[in-house]
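Take a look at the structures listed below.
One chain, chain A, links the two complexes that follow: it is found with chain B in the first and with chain C in the second.
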Partner chain A sequence: MEVKDIFSYNWSYLLPEFTILGFATILSLLDLAMGKRSNRAIIGWLSLLGVIIAGVFVTLNMVNLNEPVSYMADMMRVDDFGNAFKLIFLAGVACTLVLSLAYMKYGEISNQSEYYYLLLTALLGSMVMASSADLITLFVGLELLSLSSFVLVGLRKKSLLANEASFKYVVSGSIATAFTLFGMSYMYGLSGTTNLYLMTERLAEAYNGGYAFLVLLSFAFVLVGISFKISAVPNHLWAPDVYQGAATPVTAFLAVVSKAAGFALVLRLLVTAYIGLISPEGQSVLLENLSLILTTVAALSMIIGNTMALRQTNVKRMMAYSGVAQAGYILVPFATLTNLFFEQTVFYLIAYLLASFGAFAVLMVVFRDQETEELKSFAGLYHRSPIIAIAMTLFVLSFAGIPVSAGFFGKFYLFMSALLQKHYWLAAIMMGTSVISYFYYFGFIRQMYMRSGSTEAALKVPAGVAVIITIMALATLLIGIVPGALFDFVQANFNPNFDFGSMMTPGK
Partner chain B sequence: MLNSILLSLLIFSPILGILVLSIIPKQQIGVIKQIGTLATILPLILAFMLFASFDYNHAQLQFVEKAQWVSIPVGSPQMGEVFSFNINYELGVDGVSMPLMVLTAIIGTMAAVASWQIKKRHKEYFILFLILLMGMFGVFAAQNLLLFFIFFEMTLVPMYFLIGIWGYPDRERAANRFLIYNGVGSAIMFIAFLVIYLSIPGADGNPTMNISELTQALNSSDNPMLQNIAPTFLFGLFLAIFIAFGIKLPIFPFHTWMLKVHVQAPPSIVMIHSGILLKMGAYGLIRFGIGFFPEQAYQFSKWMAIIGLINILYGAILAFVQKDLKMVLAYSSISHMGIVLLGLAAMNTIGFQGAIFQVISHGFISALMFFLIGVIWERTESSMLSDLGGLAKSMPFVSGILLAAAMASLGLPGMSGFISEFLAFLGLFGSMPVLAAIGTLGIILTAVYLLRAVLRATFGPMPDRYQGAADAQPIEVIPMVVLLGFIILLGIYPAVLSEPLQETLKTIVPIVQGIGG
Partner chain C sequence: MITVQLPSFLLVALILFCVGLYGALTKRNAVVVLLSIELMLNAVNINLVAFSKYGLHAAITGQIFTLFTMTVAAAEVAVGLAILIALYRNRETVNVDEMDTMK
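Let's look at the complex of A and B:
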């Protein structure tokens, strides 16, 4: 490729990524230029500004583009799939930044500016993961996200737990990366290309040309590798320690943005590359054979996540296991693969984002106030700040999937897809584990309403955090009452058929 | 005009109370109690209007309301076709659900009066109480499976709080057990509903969640869609529904949660729980179990009768050895719910009538009983039979009503319990005489355990500490008289209930009997 070819592209559609890249670079330089003593909050606010600008650009792309734009043979790709995920990431990071601005006042993190621009690079990584259809760039995005989050977890340098968390995160993350890369090497080896769309056809040829086992092996390796990012079984063991050790806003980031990025990768990489496999009997391999692996992973995540969460007394560890279970739920559309799997995933992710950021915002304030992360820190919260307690109740109801909340319809949507594909046992496990999850989610309610705490003084909630909690609670409730609005929004604005549609019909 | 929105008004009328309560400062306990109680009067009035304008001569649904609520596309395995999932806001009542709405309204108001004994956090209590009331009205009026489910869940969460915050010392465990058991029940129900939705299309071939359309589709023998469905599949669905609502009823062996709730929840909530929530189980069995799957229900009727017998005898025998008056009544509820099962198992008009009479009658009786327990507890701080005794001396009125309630419960002629038990057994004698004969043993046992418990509490030597216990206050007299009044009304003039029932039963029974005969 000549240099002039590179300039022949209309790069304006990549402005979201450039914005984040630019802000990350400028802010890191700005940090050098600023005096040692000066307040770094300005960097946080600037990062937030960057995120908002990028959000505007993504929205513009969404409105202006009617079909995907591809750069350099899909090295980068701007399409509805990517835009939807990018909006989720940007919203997530914006919330993380607002929480972080409040968190910094606690003085636990000494390198504030590093914190902010690492958050931006992590965001950039996840955005690349969502807008590429090439193994190389996908992997670069994945690593950018991983490396940034390794550091983010360890930024509370004086905390033993944080050091432990960071170390564990790096080690298990590296192992997971090795798995992913190993699987990718097979994908490349079998197809001779790194472009996912070419790979679709070539893997199908390889599959029918006697390499079926290797094709399936590559799938399994990549899946195991990515299960680290989405904290699903079998790579979920890092989650409790890392969630506990990381600063609460970082935990929220890992729970939502990093996880959503993992799902973007799962959908983009695995669905695109493997959807074309047709067995000699004319059946889709992804729907018939591989879905067994996927449903198993989903079911195990639900079972292990929900049962392990029962015994946790530390809230963050509980949220970690709850996150494992949630990952299991979000895998359902992928495992069942109805033609609306994309909408289902996005809807659930949005519901999950709302509840998670709301809950983590409450956790952050409560932990700070009570100086403990145990569940009993919630004792008597209702008597102290009834509105916060009611909001938290909404969030846990949404997690548990009880009407009237966004989570109910999210889960309902997934559940329907499992039933439609006649995965009855998966549906049964989903419902069964949901009931188990009532027990620990209602643990919050028990503490907040039925126990009395050490103090009756009202909880001090910083303005930014209060805004987050309010928005998340209202949105969770509203989507619970008029879910149709969000369904329509997702349907009207994101049309993944460009990306997956033509491939969904097996046997053509 | 009013009739077209009467049900919505009725269901959501408690919101008015919630709004008013939410702006009253929580220190104003007296005002909160009054408003909380007044807020239940409005639905009560509307329920009586419903009763008055209900047309007895129609078997069809009345007061029907329909509006589209959510329409969401759900994927499909095949590419291209995406079918939409419509959740409609559909309400309507027939002869079975209308009396239950009225029952709910009456017991709701009475329980609100009983709630005056609540000692703490009055404002939250009444708000949750009113939400619970809305959920219960909604359950009986919903004509859409998903709407039904949502209202059903709407009763779950407030109950959890009401038990867990205002109950007796072991309240949290009771609340948890309530949550888990009912959670499992709703989960099974939810799965069954969606499977029904996906596998059984309505008359026009499109999937539907409308209850009467589904009933029709499932009951028309010439429905081509039904030919492709394996009978075992339908039977599985029936069983799922049976278990889901059986947990609520409760049937043996899924009853342990309700014992805990009966003992640990505050009396006013037990009135609701025993008086209405358990009846939602019976309602579900009638509406979905028998309404949707008459053939399967018919095949299963022998087992249903046997389970009913176990409930009756197990409940009665265990009630006999209980040391706590509340436990006696809890087991008594299990026993009485067995009679509902027997009536349903009879699979004939008389049996169904008996079952529904039993549902309503037991609703009034158990509400009255638990109201009395609350009154007694106020004065004695105990419901252990060993602590009580001689109450008739210091509070003759309360003791008299307690005795009357016990008489109603054991089926004294002239009271509602008699009619319902008589009809249920009469129905069962028609179809399964042997089982019915065994079941009548339960009536004798009921007399034994109830008289033992009531006599132990009200007669005999009175401990000195109850010497000064005052008899019923005027505010306490109202619910006692009202509830007893309804019990006697049903006993001497059963037509109040049997007339609205008649036409509806005429639509259910022939189908069932068509299969049987």
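Let's look at the complex of A and C:
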């Protein structure tokens, strides 16, 4: 292999990552230089600026690049797949920052500037995960995200809940890391390389060379490890405690950005590395055997997530279990692997991002106002602030997958893909669990419209939060009315250069 | 000269991983839990180094990977201990089974 020296690459395509890295570094230095008593909100605004600049660079890359750009033998890789996920991450972190700026006024977090630049490093980690095709960089990105989020969860140092949540998060996170790494070590051992594209070929050789068991073992280990990040079933127990203990903007970040990053990893690591496996009978192993494992994980996540959510009275815990169920839904396209699976995943993630940030913005304001996180804090919201109540209704409908919301079409596409690939029982479980989920999602609606609250005074909503709620509600509604526009946009702009065409099984 | 074969390395690593997992899931003391996690991560290192010499396609990459995993494991345990100290200040305990405020 020809060795290129590092100066011969055109590094300008990595400007989004460099921007975030630069801002995180400069802001941490700025924090040292600032006086002890000065207002740290400026650091939050600067972080927001950095995120927006990075977003502009990603968009420029999208427009200017037709071919994927690879750095250092795919250690880093700028392609449509990565750009799509990077935009999701950046949008998610921008929303988190706006919510955080309002949250900081409550004065619960004393180390404000740490909070902001840890968010940026977490963002950097997820961006690295989305844009690398090498085990080492994937792992480093994953850990950068994990370590930053461990600390973010625990930043309310005085709160016992936050301490406990972050410790549980560290322990279960580290165990998951160990599982991922153990799987990765077998992947490496069977292929002798950390490059995912080379690994695809070599794993296929190893699979037919008598090491089929080890190949499947590595898949199982990595899947168990990653299920932590996406909070899917074997590794979902941390979610309720961590969601409850973390500050609400951090919970929103974990629910959306961290989960989306997990799905980027599933796509990069599992799908890319294992798609080349062909069994001796000429069947694709990924479509035949491994998709069965993924379907089981998806089905169990939906069932356990939705049924456990029924029992919760704490809203954040309910959102955590609902998030487990949502992870199950987003796993469906990976299990069915139709030609449109990438578009389906991105569409669902966008719908989920809109509904989640909208809902968490409302939760944050309502919790603060009522000083409780129980479901009854929503009582009589419609009579206090009708617009907020209607927006919240829209988000809840989107989660539940009821028409005239983005979530309906997200679920609809997944459902169709399950039917198309004849996964009838998976489709049936999707339907069944969606109906179960109506019970707890409608709990919000019952409280907001039909119960009387302790007060009739209008809810005070900070300007930034109001903006987030409005944008998310309008976007959810708009995508619910014209879903085709977004779907076509995703299809036209992010056609992932994954070379699935040649790797999909003959006849499918 | 007796050479140790690859399966022996893999077996040691697997045993170490299982011991670590058992410890992480059953021990009461939080520091011991963190130690057990280190065992799991070190099992990975044994695997990687063994594979880099005796793997199907022996290559040096595994040893490089080990350097990364060691560094990250150190960072992880540092964060874990820092959080444990914050928890100890509020709760005065390092017993995992007493961390049950949230239900």
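In this section, the second predicted complex is superposed on the first by the 494 of 508 C-alpha atoms of A that agree within 3 Å, B and C clash if a C-alpha of one lies under 4 Å from a C-alpha of the other, contacts with A are read in each partner's own complex, and residues count from 1 in each chain.
Rule of thumb we're sticking to: a residue touches a chain if its C-beta (ideal position, glycine included) is under 8 Å from a C-beta of that chain, and two chains touch if they have at least 3 such contacts.
No experiment lies behind these values; they were computed from the predicted model shown.
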Touched partner set for A:Leu147, first chain B, second chain C, both or neither: second
Touched partner set for A:Gly189, first chain B, second chain C, both or neither: second
First (chain B), second (chain C), both or neither touched by A:Lys157: second
Chain B versus chain C as contact partner of A:Val63, first or second or both or neither: neither
Partner chain in contact with A:Ala178 - chain B first, chain C second, else both or neither: second
Partner chain(s) touched by A:Leu292 [first = chain B, second = chain C, both, neither]: neither
First, second, both or neither for A:Leu49, with chain B first and chain C second: neither
Footprint overlap on chain A, where chain B in one structure and chain C in the other make contact: none
Residues of chain B defined as touching chain A within the complex: 69-80, 82, 85, 149-150, 153-154, 156-157, 160-161, 164-165, 171-172, 175-176, 179-180, 183-184, 187-188, 190-191, 194-195, 198
For the chain C and chain A complex, residues of the former touching the latter: 13, 17, 20-21, 24, 30, 33-34, 37, 40-41, 43-44, 47-48, 50-51, 55-59, 61-62, 64-65, 68-69, 72, 75-77, 79-80, 82-84, 86-87, 90-91, 96, 99, 101-102
Complex interface listing, chain A residues touching chain C: 135-136, 139-140, 143, 146-147, 150-151, 154, 157-161, 163-168, 170-171, 174-175, 177-178, 181-182, 184-186, 188-194, 202, 206, 209, 211, 240-241, 244-245
In the complex, chain A residues that touch chain B: 338-341, 343-344, 397, 402-404, 409, 413, 415-417, 419-421, 424, 427-428, 431-432, 434-435, 438-439, 442, 445-446, 449-450, 482-484, 487, 491, 501, 504-505
